[in-house]
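A short write-up of the structure that comes next.
By letter and in written order, the chains are A, B, C and D; residue numbering begins at 1 in each of them.
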Amino acid sequence: MFDGVVLDKPKEQCGIFGIFCNNKKVDVARLTYYSLYSLQHRGQESTGIAVSTESSIISHKQMGLVPEVFNDGILDKLKGIAAIGHVRYSTTGSSVLANAQPLVVKYKSGTMAIGHNGNLVNALKIREELEDKGTVFQTTIDSEVIANLIARTGLQNIEEGVSSALKKLEGSFALVILTENKLMGIRDPYGLRPLSLGRLDGNYMLASETCVFETLGAEFIRDVEPGEIVVVDEKGVRSIKFDETKGNALCIFEFVYFARPDSIIHGSSVHMSRLEAGKQLAREHPVDADLVIGVPNSGTVAAMGYAEESGIPFGIGLIKNRYIGRTFIQPDQHSRELGVKLKLNPVKALIKNKRVVMVDDSIVRGTTSRQIVQMLRDAGAKEVHMRVSSPPIGYSCYFGIDTSTRKELIGASHTVEEICKKIQADSLGYISLEGLIRSTGLPREEFCVGCFEGSYPMKVPGEGNKFLFEKE
Amino acid sequence: MFDGVVLDKPKEQCGIFGIFCNNKKVDVARLTYYSLYSLQHRGQESTGIAVSTESSIISHKQMGLVPEVFNDGILDKLKGIAAIGHVRYSTTGSSVLANAQPLVVKYKSGTMAIGHNGNLVNALKIREELEDKGTVFQTTIDSEVIANLIARTGLQNIEEGVSSALKKLEGSFALVILTENKLMGIRDPYGLRPLSLGRLDGNYMLASETCVFETLGAEFIRDVEPGEIVVVDEKGVRSIKFDETKGNALCIFEFVYFARPDSIIHGSSVHMSRLEAGKQLAREHPVDADLVIGVPNSGTVAAMGYAEESGIPFGIGLIKNRYIGRTFIQPDQHSRELGVKLKLNPVKALIKNKRVVMVDDSIVRGTTSRQIVQMLRDAGAKEVHMRVSSPPIGYSCYFGIDTSTRKELIGASHTVEEICKKIQADSLGYISLEGLIRSTGLPREEFCVGCFEGSYPMKVPGEGNKFLFEKE
Amino acid sequence: MFDGVVLDKPKEQCGIFGIFCNNKKVDVARLTYYSLYSLQHRGQESTGIAVSTESSIISHKQMGLVPEVFNDGILDKLKGIAAIGHVRYSTTGSSVLANAQPLVVKYKSGTMAIGHNGNLVNALKIREELEDKGTVFQTTIDSEVIANLIARTGLQNIEEGVSSALKKLEGSFALVILTENKLMGIRDPYGLRPLSLGRLDGNYMLASETCVFETLGAEFIRDVEPGEIVVVDEKGVRSIKFDETKGNALCIFEFVYFARPDSIIHGSSVHMSRLEAGKQLAREHPVDADLVIGVPNSGTVAAMGYAEESGIPFGIGLIKNRYIGRTFIQPDQHSRELGVKLKLNPVKALIKNKRVVMVDDSIVRGTTSRQIVQMLRDAGAKEVHMRVSSPPIGYSCYFGIDTSTRKELIGASHTVEEICKKIQADSLGYISLEGLIRSTGLPREEFCVGCFEGSYPMKVPGEGNKFLFEKE
Amino acid sequence: MFDGVVLDKPKEQCGIFGIFCNNKKVDVARLTYYSLYSLQHRGQESTGIAVSTESSIISHKQMGLVPEVFNDGILDKLKGIAAIGHVRYSTTGSSVLANAQPLVVKYKSGTMAIGHNGNLVNALKIREELEDKGTVFQTTIDSEVIANLIARTGLQNIEEGVSSALKKLEGSFALVILTENKLMGIRDPYGLRPLSLGRLDGNYMLASETCVFETLGAEFIRDVEPGEIVVVDEKGVRSIKFDETKGNALCIFEFVYFARPDSIIHGSSVHMSRLEAGKQLAREHPVDADLVIGVPNSGTVAAMGYAEESGIPFGIGLIKNRYIGRTFIQPDQHSRELGVKLKLNPVKALIKNKRVVMVDDSIVRGTTSRQIVQMLRDAGAKEVHMRVSSPPIGYSCYFGIDTSTRKELIGASHTVEEICKKIQADSLGYISLEGLIRSTGLPREEFCVGCFEGSYPMKVPGEGNKFLFEKE
C-alpha cells in the first residue's frame, strides 16, 4: 500500500465499483463512497465518483484518498439513479489530476463515464491510429482510448458500440461504464482483472472485490466472465458476450497480495489461499526454528499457515505504525534507516535469542527485506530464515501491476542463493509456482503467471515500450 | 468584478497571456503568473498556466484566483521556454474544474495548449459535426472544439492546421496557442476581443490588455489584427493572415467597463475614453446639481468627466469595502440590503442636503441602482440624478459577455422613463451611442454594438440556443 | 493596509466591536462578523469573535482576514446574547496565533473576554510586578495584562474590578470587555483611540468607527468619553467614570490615514477633513502644474481637495491592483521594482507631458515615494511635485501605531529639502501641523501629535524599551 | 484508537516526549516529530512541539495528527537545543485548540513549557484557590494549574519551584517540563502514568513508552521513578525526589490496551503480557471450539495466547479497514450497522460452520461486542464464545482514562451472565484480576486497578465532580 515509507511491494492499479438503482431514494453516491472505502487498498492516489442523473452525468474526482476527496457537501450534490466509482494507483498514465477516473465524455449518443482497472498492451498503437484520424487526447489513461473507440463506432446502441470497440483492445481490462440509463461491467477475454456482480435490495452492483458486497450487506451473485458485458438498466440485468473467453488468466497476485483477505475470487477465499500457501511453504522449505513471524500486514496470514504446518509457534514479531502516511517527512540521508524503523518495529521480548522464520508474500527489489532481517538480528534473533509465499518475480507485468522495470527486480538477475546473501538471511525459501497455484484451489489454467515465468497469455510489447505514454 | 455581493454588471469571459523565450534563464511561468495578476479583473473563476519544456507541455490549473491557484512550489515545477496563461469567468461552459483553461491536448503532431477569450456562435454545430464523426468531448468549452478542429485537419504544419481550422469558426475569439516550440496569438476576423503584442528583452509576448506590458516593463508593439495569426518561435515573430479582416467589431464594452483604465486598445486610452464619455454625458444630459459622484469603482472616471464638463464639484460619495470577496456569507432575507451596504457605504457628510448626480457605467438589471439611489436618499441627498455612460442594454451578447438573458435586461423591456421610475431617481440620462463612440476617438465601424442595437457583425443563433451547451 | 507588496504606511493596531442583545433571536455573532468586515482596514492579521451564552463565553479566532477565519458552520456554533469582535494588526505582541484576540479568561467571578485597541506604555512594568507575585503569561498582548489586573482586584463586582484595574494602566486603550451578562466599552483617560456607541433595534453596540453603524443601519449615539466605561446589560446602558478625563488626545492619524472616510470621529467627518487638508495643502504649497493625482487609495481625497483649491484638474493617474494580497509571490532581487508596479500602474495617456502634483497622506520611510516618482517620470511626466497631507513624521509612536523605529523614519533625520532630493521629486511640500489640525475642524487640544512633535500626552519610555516584550 | 467509527474502548489521554541536546547540530524538533509518530496511538486529537532556543521557547501546536500539524517548513523554524512534544486525547479539558499542549508560559524566572499525561483529582480545588488569589485561566487543562503553582512558589531555582509545586498535586501525572536550559521528566508519587529515560548519542530523552527509543535507535536506561524528577541539562542528568514513593500504582490498562506491544513497562514486555493474559484466559475459561479469533487490533495477541494454550487453531477472522478515519461520513440511522461493518468485516470462508472463540481486551459499554457477535453469526459461525482479557470494568477512572461515566459501563450494572445475554454470545468469560496481574509478571502492588475494584490509590472526588471543568 502507498505510504510515506514505501515498502517493497508490487503496486496494484485500481479498484472499480458500479451500482444501478431504479429507486431514487437510494443514495447511489454514498453507497459508492462506502464501497470505495472497501477498495481503497487497491489504489490510494486518486478517487472519483460519476453519477447519472438520467439526463446527464455529473462527477467529482481529485487526487487523494476517499476521505480526502469526498465530504458531505460534495456527496449531497451527486444525486442520481446510478453511479460508478474508482480508486487509482497509477502505472500507466502519470500521477496528475487529469488522469483521475472515472473519465466522463460526451459523444454523439449522449454521455458516458468509464472506470478502468488494468492495462492495454496495444493502447499506444490504437492511440496512434486514432491520432492519425484527428483524435486529440487530454490524458494518458487507457479509458480515454476506450471512450474514443466506442464513440468512433458511430453505433447508437451503446451495447453494440461497446462490444465493437472492445474487440480492438488487447491487454487487461475490468471496466465499469455508466451512461445516462445503463451500467455495464466488463472483463477482458482473459479475465486478467477481477470483477464481480452483486445485489442489494434488488439493485445490481459491480465491484472489483466481493468484500464490498459483504460490507454493504449485499448478496454476491457471480463473477463477471472473461469476455462478458453485464448490462444493468431499468429492465434488469443481462449478459452480452463481446468475445469468446480466450482462457482464464486471472492475475495470481490478487491471491498473493492485492485482494483483501475477506474477498472471494473465482470461488476461492483469498484468506484461505494465503493460509494454505504458508502451509505449502512450510512443506517445501522446512527449517528448524523457534518462532514464525510475518512481515505485516501482508505476510501475516502465510506466516500463520507456515506455523500451523511446521508446528513452530507463530508470533507477532513486528509492529507496524499505521500513522505513517503520505505526508510523512522522510528522515535525511544520515538516518536513512529511521524510515523503515518508524514503520516497522520488532518486539524484542519475543525475538530475542530465537531462531526466527520471517514470512513475506513477495520480494520485488529486496531492499526492505534486508533492512528487516537486520532489524531482527539487532533485536536479538539468533537466526533469521526468510520464507516467501510467492515465487521469485523475474519478469515485468504488462497488465497493470507495477513490478518495477526488469532490471530492478532482484529475482530477474539473481539466484535464490544470491538473494539470500544479499538480504543476509540465514536461509531463504520461495514457494514453488505449483505450490502457490495449489494453495488457491484453482487450476493452473486459471492464472496469468507471467511475472514468474515470462510467458504471457497474449503477445506483449517489448519492455522498452512500457512507459511510452508517460511524458510528465 | 466577481464578488460575494454581485453588483449589476456585465461579466467578461477571460484574460489570456503568452510568452516565448529562447533564453532558458527567463522564468516564463513566473512572468505569466505576474501577468495574470494584471488580467485578473477579466476573470476570477479559474486560473491556469501551461508551459512548453520543448519536448512536451506541462500545466497547472484550478478553480480560484491567481494567488489561490499558484504558489512557489507549483511555479518552480513549471520550467520551460514558453508559456500561456488564462484567467476565466465562465459564460459558455459550466463553472467546473474540467472547464478551466488552458486546455492541453496531445494529437498526431505533438502537444498543444489553448487559451480562449470569446464565444463561438457555431460551436454547437461544429460539436455535432465532430460527434457525428466519432469525437468525444470532456469539457463544454470552445477551446476543445478548436483543438479537435485543428487535429482533424491532419496537417503536420501547425500554422497550416490552425489556419485551416480557424476558417470554420464563427463568433468571437482571441486565442493563445502553445506547442512544444511555437507560440501563436490569434484574433477572429472581426476583432471582437482584444489581443496585443509586446516585447521584453527581445522576447515576444501576447496579452489581452496592454496594462500587462506596462507592468512588466515591456514594450507594446501593436495589436494583433482581426483575422491574423502572430507566430512566435525561435526564428522570431511573423504574421499569417488566416482570413480577410471582415471589418473591425471590437466589443465596445472593453472601453465602457471591462478593460483596465491603464490599457490602450486600438490606440485609444481606456481611461481617457471613460473620462470623455463622462464629459459627453454632461453635455447630453445636463442637470442643476451640487455634487457629482461615481458608483465605485467603474463609474468613477466617467463621473469625473461629468463633473469637469458640468462644473459641478466631483466627490467620492460612496466607499467600497474591498474585503467583501467570494467567501462572504450572505445576510439572510431579513437583512437583504445589508449586503449592498457592506459593499458600498455613502459618505453622509458629503451627500447630506445635496442634489447629487450619480454616474455609473451601465445598468443591466437595475436592481443595484435602485438600492444605491435609496442609500443616497437615506444619507440625506435632496435629489438623485442618475447618469449612465453607456446606452441602454437592450439585447443579449453572443460573443462572450454575460449580460443575462434578454428578459432580465431592464433596457430590453422598459423605456428610460420607466427605468427612472423603477430605480426611483429624480432623473435618468443615458449617453447616446454616438456620444459613447465619439468618446473612444475611434470610428463607429470599429465596434460591435450589438447589445445596444441588436444588429451583430455576423449571423447569430436565436437566444434560445445560447446556453445549449450547458448541461451541468 | 497589509499586502504582499507593503507600501510605506504607518500600521494601525486593531479594530474592536461589541453588541449586547437581550433578544436571543438576534444573531450576535453574525452581526459581529459583518461589523468586522467594516473594520477590516484597521487590522488584517488575525480575527476573532467571543460570544456570551449567558452561562459561559465561547470563542473562535485564527490568523487571517474575516472571511478566512469564519464560515457558516463556525458562526452557527457561536450562539448567544452578546458578542465582541476583534481584528488585529500586531505592533505589541508577536504575530502568532496565541496573540489573536479577544482573549478569553476564567477567573474567580466568572469568565471575561477582552478586545484591545492601543498600547500600554507601562505594560512591561505591570507584567514584572505581576510576575513577581507569581503570575504566568501565555501571550505578549496587553489584554492579558489587563485581565490579570482585573482578576487581581478580587472584586466580585465587575464594574468595580475593571475600574480599579484601569487606574493602573498608562498608555492608549480602547477596550471591549464581555462577561456572561455584561458588555463594557472603555476609552483611556486621554481618548487616544476612538470608540463609539450605537443602537440597532434597541440593542446597544460599540465600535471603533461609526462606519459600522452606517453599514448595519444602526443609529450613532455618541463617542465613548475618555476615562469612561459604558456598561450595557439587560437593564440597559449606563456610564461609569473610572478616571477624570486627562485631556483629549485623539490620535490625529485616524483623520490622516487610519479611519474609513465614511466614519465620523469626535463629530467630524473623516472624508471632509481629508478633503480640507488637501485644500490647505494647496494654499500652503501651491505649484504651477497641469494635473493633480493621488497615491491610491489613501491619498486620493486629499488630492481632490488640492485640485479643487488650486484649480488644477484632478485625475486618476495611478491604478491600484486590488488582487495583490498576502500570498503574492515576491519577484526576486533582479526585478525588485516589479512588485510596486504590479500594485500601482500609471495611466500614461493622462500623465504624459504633464507637470504632475502627486498627493499622498504621509511619508514614513520614503522608499515607495521614490519609486512612484520614478514611475511617473517613466510614464512621461515633465515634472513631479509631491505634496503630503500630514507633516513630517519625526518621532515614534508609543500608543499603538507602527511607524517603524525612529532611525527608519526619513522625517527624523532629513530636512524636507533632503527628502525631496532623496525621492527625486521636483518639489516637495508637507502640510503644516496647524493646517492639518484646522482641516479636522477640531481644536489642537483634541489631539495627540506626538509623532510630529515628539511631545506626548503622558510620560513615555525610551524608544529602546518599545519592543521589549517581543521575544519571538 | 480514535476513528470515525468509534469502537468501544477506553480512551488514553496523552503521550509525552522530551529531549535535551547540547549539540546544536541535532535537529531536536525532527527527533520529537518522529517520536510523536511512535506515540500517536496514545492521542490523536492535538499535537504540539515546544523547543528551547536557549534564550526563549518557541512552539507550534494544532488540532490533528502529527502529519496534519507539522510539515517541513514548520519544523525548519523550530531550531533549538531541547524540545518536548505532546499528543493528546482529551479527557479533562475540552477538545479545543486552546487546550492543545505543550503549554508555554512566561513567568518571573523565564519561560517554561509543560506537557502532561494524566489527570489531577484536586485540580478544581487548586484552581479555586488560585482564582481566589486573582489568577486567571485561559484553558481547562491541568498543565495550566501546574504552571501557575510553579510560578506562585516564587522560587528562582526551577527544580525547587517544581518540587514545591508538585507536592500540592493529587492525581496522576507524568510530566515533561522544558525551560530555556533544562529538561525535566516527572512521575507522580504513585507512578500511575509511565515515563522512561533513554539516551541517543549521549543525549538524554524522556518518553511515555520505550518503543520510542527502539525506533530512534536509542538506548533505554530506566523508568522514571514514582515521585522522581529527572533533570537533564548541559551538566548531564540528575535525580531529585520531590516526594516519597507512595507505592506503585501503574495503570494496568497500559498492559491491557494502551501501550504499544513493542514497549517495555516496569521491565515487563507489553506484548508478552498480552500473550500470557490470553493463555491465562484459556485456563480460566476453556471452551470446546474450532477457531480462536481476536477483535483487531487490540484483541489479537490475547487471542493468540488463548489459541496456544487451548490448542484451538488461531485465525484472522475479522479484517479491519485501516482507511476509516476521522473524516469518515457516518451512515445515517437506517444503515447504522454499516459503520462497524465498514471497519470490521468477517472472513466468511474461515468462520463458516465454526464454533468461534472471539477474544477482545475489554468491554466498556458492550455495544460493539454485540454487533461483532452478530456479524460472526451472519458469517456462519455456529457458536460465538466471547473471552475478555481484562476483568469487567465496574468503576470510573479518575486518573486520565476516559471509561465513560459509570452508568454507561455495562460492567457496573450487569452481571457477566447478563452481559453475555445482552451481547448475545453463547458464553462469556472475563479473565480474573489475579490472572491479569499474573500475566504482567509484576506484583499486584505495582498497579492501580481502580476501574475493576473501585478502590483507588488515593482519595478521589465523587463522580459528579469529574467533568466540572468542562464548560464547552
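As a convention for this text, contacts are C-beta pairs under 8 Å (C-beta built on N, C-alpha and C of every residue); 3 or more make two chains touch, one makes a residue touch a chain.
For clarity, every value in this text was computed on a predicted model and none was experimentally measured.
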Contact steps required, at the very least, to link chain B with chain D come to 2
A correct list of chains touching both chain A and chain D reads none
Chain A and chain B have mean C-alpha positions lying a whole-number Å distance apart equal to 48
Distance between the CA centroids of chain A and chain C (whole Å) is 60
Chain-centre distance (mean CA atoms) for chain B and chain C, in whole Å, is 36
Two or more other chains are touched by the chain C residues none
Contact graph of the chains (line, ring, star, complete, other): ring
Inter-chain touches occur between A-B, A-D, B-C, C-D
In their shared complex, chain D is touched by residues of chain A numbered 4, 30, 33-34, 37-38, 40-41, 65-68, 70-72, 75, 211, 214-217, 260-262, 264, 269, 271-272, 275, 300-301, 304, 308, 313-316, 319, 321-325, 327-329, 331, 337-338, 341-342, 345-350
As the complex stands, chain A meets chain B at residues 55-56, 58, 97-98, 103-108, 111, 131-132, 134-138, 147-148, 151-154, 471-472
